[in-house]
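This report refers to the structure that appears directly beneath it.
By letter and in written order, the chains are A, B, C and D; residue numbering begins at 1 in each of them.
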Amino acid sequence: MLLPGLGAVATTFIAGVLLSRRGLARPVGSLTQMGTLRLGSRADDPTPSIREALPLTTLDDLAFGGWDIFPENALEVARDAGVLEPHHLDAVAEELARIEPMKGAFYPRYVRRLNGTHVKEAESKADMVAQIREDIRRFLREHGAERAVAIWCGSTEVFLAPSAVHQSIEAFEAGLAKNDPSISSSQIYAWACLKERVPFANGAPNLTIDFPAAWQLAREMRVPIAGKDFKTGQTLMKTILAPGLKARSLGLRGWFSTNILGNRDGEVLDDPDSFKTKEVSKLGVLEDILQPERYPDLYGDLYHKVRIEFYPPHGDAKEGWDNIDLFGWLGYRMQIKVNFLCRDSILAAPLVLDLALLLDLAARAGLHGNQEWLSFYFKSPMTGEGLQAEHDLFVQSMELQNTLRQMVGAEPIVHP
Amino acid sequence: MLLPGLGAVATTFIAGVLLSRRGLARPVGSLTQMGTLRLGSRADDPTPSIREALPLTTLDDLAFGGWDIFPENALEVARDAGVLEPHHLDAVAEELARIEPMKGAFYPRYVRRLNGTHVKEAESKADMVAQIREDIRRFLREHGAERAVAIWCGSTEVFLAPSAVHQSIEAFEAGLAKNDPSISSSQIYAWACLKERVPFANGAPNLTIDFPAAWQLAREMRVPIAGKDFKTGQTLMKTILAPGLKARSLGLRGWFSTNILGNRDGEVLDDPDSFKTKEVSKLGVLEDILQPERYPDLYGDLYHKVRIEFYPPHGDAKEGWDNIDLFGWLGYRMQIKVNFLCRDSILAAPLVLDLALLLDLAARAGLHGNQEWLSFYFKSPMTGEGLQAEHDLFVQSMELQNTLRQMVGAEPIVHP
Amino acid sequence: MLLPGLGAVATTFIAGVLLSRRGLARPVGSLTQMGTLRLGSRADDPTPSIREALPLTTLDDLAFGGWDIFPENALEVARDAGVLEPHHLDAVAEELARIEPMKGAFYPRYVRRLNGTHVKEAESKADMVAQIREDIRRFLREHGAERAVAIWCGSTEVFLAPSAVHQSIEAFEAGLAKNDPSISSSQIYAWACLKERVPFANGAPNLTIDFPAAWQLAREMRVPIAGKDFKTGQTLMKTILAPGLKARSLGLRGWFSTNILGNRDGEVLDDPDSFKTKEVSKLGVLEDILQPERYPDLYGDLYHKVRIEFYPPHGDAKEGWDNIDLFGWLGYRMQIKVNFLCRDSILAAPLVLDLALLLDLAARAGLHGNQEWLSFYFKSPMTGEGLQAEHDLFVQSMELQNTLRQMVGAEPIVHP
Amino acid sequence: MLLPGLGAVATTFIAGVLLSRRGLARPVGSLTQMGTLRLGSRADDPTPSIREALPLTTLDDLAFGGWDIFPENALEVARDAGVLEPHHLDAVAEELARIEPMKGAFYPRYVRRLNGTHVKEAESKADMVAQIREDIRRFLREHGAERAVAIWCGSTEVFLAPSAVHQSIEAFEAGLAKNDPSISSSQIYAWACLKERVPFANGAPNLTIDFPAAWQLAREMRVPIAGKDFKTGQTLMKTILAPGLKARSLGLRGWFSTNILGNRDGEVLDDPDSFKTKEVSKLGVLEDILQPERYPDLYGDLYHKVRIEFYPPHGDAKEGWDNIDLFGWLGYRMQIKVNFLCRDSILAAPLVLDLALLLDLAARAGLHGNQEWLSFYFKSPMTGEGLQAEHDLFVQSMELQNTLRQMVGAEPIVHP
């Protein structure tokens, strides 16, 4: 597994896999490790665990590598991050300490609040791609591995709309050669991975692989990709609650969401341009679920606002507070307040695992290009042009499970 | 429409129908009035409103009657309840004032905190059934109506387990004749309705129609029935949230729910025996959704506690507070707090409407006996012996919609 | 009473006085109307109401006038604001409708989100002062009144630091003559009032009267003044909670406050420059109460953040959410969350009344200049140079009561 | 120091003193260790720390002993309780392990949910007193100590009203001899301590020392006493918030408080008779602060309800949720919700320390009998007959500080 961005999420993920291997903790939150898959009718009820039903790579067969713009090894990063307790880190300290990041590809204009010190030098962005491809090949050699998967666990970049350079493989390669400013660091990693036929998922709201040239390359190289922006915390709650309220024909007048968090992610998002990238990712969710154009009386006047606030006392313990103004019979108003004391990396780590194993499985099954059935994991599912993303967690879950059923030759099932 | 229990819920419902008829307010929360039904594939997207797609009785064709143990008319009750604002009640005052309750069948042992003054006298419970049947026939005559539907909107009764008298039609009729103490007031209403072929839904957690003799009678008389306990407020939230957390393989260690409310319902539930009836209805929800036997690592240790507190300052504005202790990756703990400032009658009224229209439709479509596809509306869906109730709101919603599709000859659809 | 800014606060205040006069509602929240004053020892316990103890102007003797930049009369404004229920406004509709605002003095650069249409034209700011002085004299004549009090109920202006023009009476008058850009609209009102010997209190965080020249003029004209920024909602809660936690030597690591509100105030504060004025007013509170320099172990690392968000669904119903990170014995962490569903104008209106009556009383008692004993009512109490403001609500309350005791010749009392 | 009840609170306290001695943690929450005392006028501002100003016993001079009905030593108890983190306990493990409880005096009828195994046998309650007195003398001998202080850290007992036996020393001693059932275990400890001239504070709501005979004995033996029921968590918040709302003449219509906790305290309070003891202690607070007889318009209709729920997932992390229904100007309603994620033992431990040091100081200063100036620390301050307790935290704080000032010969100060 290759992780661009060896920070709190990545090290929480790696430490968790190491602990799970040894039976010292459980990979809770991971569907591939904890979930089941019903095959056949309710009467027979053959419901094996997903691990039994599908030929997934096992935790024992994983090896870990990554890139970062700071030189600390995974143990040091995890200690700094303060997500996992000392007794957990102690138990896998040696293995973690051996994981040292490769130098990062970093152009400061795309992530303003960070100052990397452990960075590659390159003559051009094309050269940067080449260096990362070489890193990948070396990683495979050193670990005697046949194949790899990459999951972007790095920072949110400033908002970038796709430009001309993103429209075709040729344009993009030309852009790499002449250092086109529309090509950000994360796009460079993604491009390198695709060229090496490494499936790639994007855990941040950045452009990264969400543009025509990347999709085209993924299809050409026959590599599956997925994205974008891990669905954790507040947005996860939204995609649970909103479909429920809609199912009952309850109206919505307002939804105010604020988040307070104190980790590096919070620091980066304190920059308005990075926040904009995130905001776009977070705001679309409700509109797509509620379909105000179809239900104007219920959702036509919804006022939706999302805020993210850097708040150091919380560290990685992200806290969300939502105020939901709903209305029922005859328009009478009610309110729901949701206070989520969550942990950012704890919610994200199992998604890294699931995406890695499922993308790897997809690649072996011959699937390539954008894997919409993995929308379940993302705040902003990537969709084909002109199509609306599916945000409803329950529909996403069904699509994911039916795709898995299809892989083992079982019939799709209407509900679990 | 016949409503045993002409209190806050019933009058909020009636006033709302009257206001909606005149275009003075919208029947929000009612799927039959506000919802749509997709027929066919996503590409064609023929998605008429449910009202267009199905031959439902229209709001204009409804007439209202009911029974209560207090003599106030619907206007007086609604003013006392304080649910609707004066300007709404003023607009339909005359019509409401004309709705006067028929005398109630009331045995105080089943509802301890109330003292009815407007009650029938009867020589036996069998005689009580006969009087109610006569009420029903008179109501139909007076309104020139062909058919009726009854929805229980009365109080929660003390906890009663089914006894011998509930096992067959014969045993029950014998019990009525000799005033068997296991037969409560609500069972008497239900029996009278079934004998008159009036479809019956139960909005409270009482036994009422949830016993073998009633099911048998419903099948024999070819009457559809549904129950029990309107799914509003906190339990509605539970059946939205729990499936979402489960879909993501997140674990649960504890779920504490408290409710504070100050209406007559709260007063009744302050009696421990009535509370027990409600508690049984509320506690089963999580276990059925989470399947701890299948996911012992995630839900085997869940501690679930539900409290209801009488708190006069809130009146009908029921407020729920939930603390949810969940855990994720490696068992790390998180918390969700949900504070629902809801309105009991506002959430229940649209369910009365939907259940009436859908039961009436079902009767005309020849469906009879327990209508499990209406589980969507209930905290404790009635199920056949040995079967587990479906509590997941999203699965319930799909079953309801597929049943509607079937009625119009369309194919079932996997997701909306 | 003269109210610059005839908006939601001012009209809620006026309507409330009119309703109270007629016994249709109670002036809750007003210390002068609802409070008591203990005189003498606990044993005797002579505790008259404040109204009995002090020669305050009665509600019956008040007349109301004001200025605004929109032409609507007080009834129209109150209906638009939606703070008071129709039945309350109906009862005093005629009197409210008679209160029409005088044209406002308005320079748009100081309040960016509003566009006044009902504004004075003036050749210079000095001329503007003269016009307002003429307004005051006409108001007194028309109402046969001997004296007036003015309370600023207008908007928050953009942040302005005191400049050279604010340092002396001469400099300020010269600035008025040559339209100095440091002189904002609210300063013009204040200056006119002081020149007319009208006591003035400032309910907004603006400079208005908080600069040396205004203080000097107040002393010269022997007029009492008070300010600034009504202490309502979240800051009120802070000045209650923080002294309590400090009394118990509990430490604080973080305090995050967010406000969502949808009235005109919220719209104005959506402008970053106006928000800055408010933010300065709100942030100082904790530091002054907690004295981190004296208690570095407990409060030296406190991270305090305040946000205000424009959220139209709430209208005047301002809602605050606070997350407080505290720590106790051995540094172990705890959290307090406070969710305040408040109503901005309902909390502010009684302060307008109290300040008017108490400033008037002070003037008659010969007090002039800044009245620090009225700090109780303000988020940012004005203090003499080099002195720290007293923010602790309990200390403020004692100072206020002891000043009242002094006025009636009673001994100060250590506690109520 | 002698601690009847060597459970979570006592061991958290002891461990904290040991850690503080070594500079490994700070005794936050302790006024005697973290607080200051202003002596003289604001201008001079001589404000030494309390430790400098008063001849308090230092942490280094304390030795610890206690009784319990389970045999585990302080280290084992602390590990089980799970309040302190392993790294803290490890640092003082040896010292904690050496603290083994003396056998407890235990009559199960007074604490129903516990079954002690490490208990004294005695022929009569008088004999039990004698045994405890012997324990005290032995403790002093073994530690070469001159004097002791006892703080009750044991469980809440079932509700007991004072009976004839509690009216005089003679009656009580006679009752001890004949095993009067009105004499509970905690009273036996208190009596033994008073007889040995050991100052005694009561951290639970039990009768213990709150009856005429005990007060009489305390005066006769010239021993200071204090009680009762440590003011932590929700009640602490109430005594902070209620005085603040009252200061602003805001009305209160309802206050609902629920607590969820999972430690042994929670288990004991699940017994309705023990809960009653606690409920009486908790309910009086608001009435005494708000004085509804003086302010009937504001507080005459207050509905106050308190609930405590045993909820194992939380362990010692007690969580409170309060809903406060307040009203302002013209009676318009607002709500405050307070969610306190607190830690029971963390808040109680510093009170044990302060009470021990201050009672010891009081004894040396010649004070005896009930020390009302220590009301600051208690939910139910003990008061002389016919007097109302002072519950306002700010008044209590002032009284405490002025008593300290008096001890050092300084003038009382009106406010800090």
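Note that in this section contacts are C-beta pairs under 8 Å (C-beta built on N, C-alpha and C of every residue); 3 or more make two chains touch, one makes a residue touch a chain.
Since this is a predicted model, take the numbers as computed values, not measurements.
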B-C compared against B-D, more contacting pairs: B-D
Between chain B and chain C, centroid-to-centroid distance (C-alpha), Å: 51
Whole-Å gap separating chain C and chain D, where each centre is the average of the chain's CA atoms: 41
Separation of chain B from chain D, taking each centre as the mean of its C-alpha atoms, in whole Å: 49
Multi-chain contact residues (two or more partners), chain A: 337, 339
Chain contact graph, described as a line, ring, star, complete graph or other shape: complete
Chain C contact footprint on chain B (complex, rising order): 86-87, 337, 339
Chain B contact footprint on chain A (complex, rising order): 12-13, 16, 19-20, 25-31, 33-36, 47, 83-84, 88, 236-237, 239-241, 243-245, 247-251, 294-295, 297-298, 327-332, 334-343, 345-347, 349-350, 376, 392-395, 397-399, 402, 412, 414-416
Contact footprint of chain A on chain C as seen in their complex: 253-254, 256, 258, 260, 303, 305, 307, 309, 311-314, 319, 321, 323, 325, 337, 339
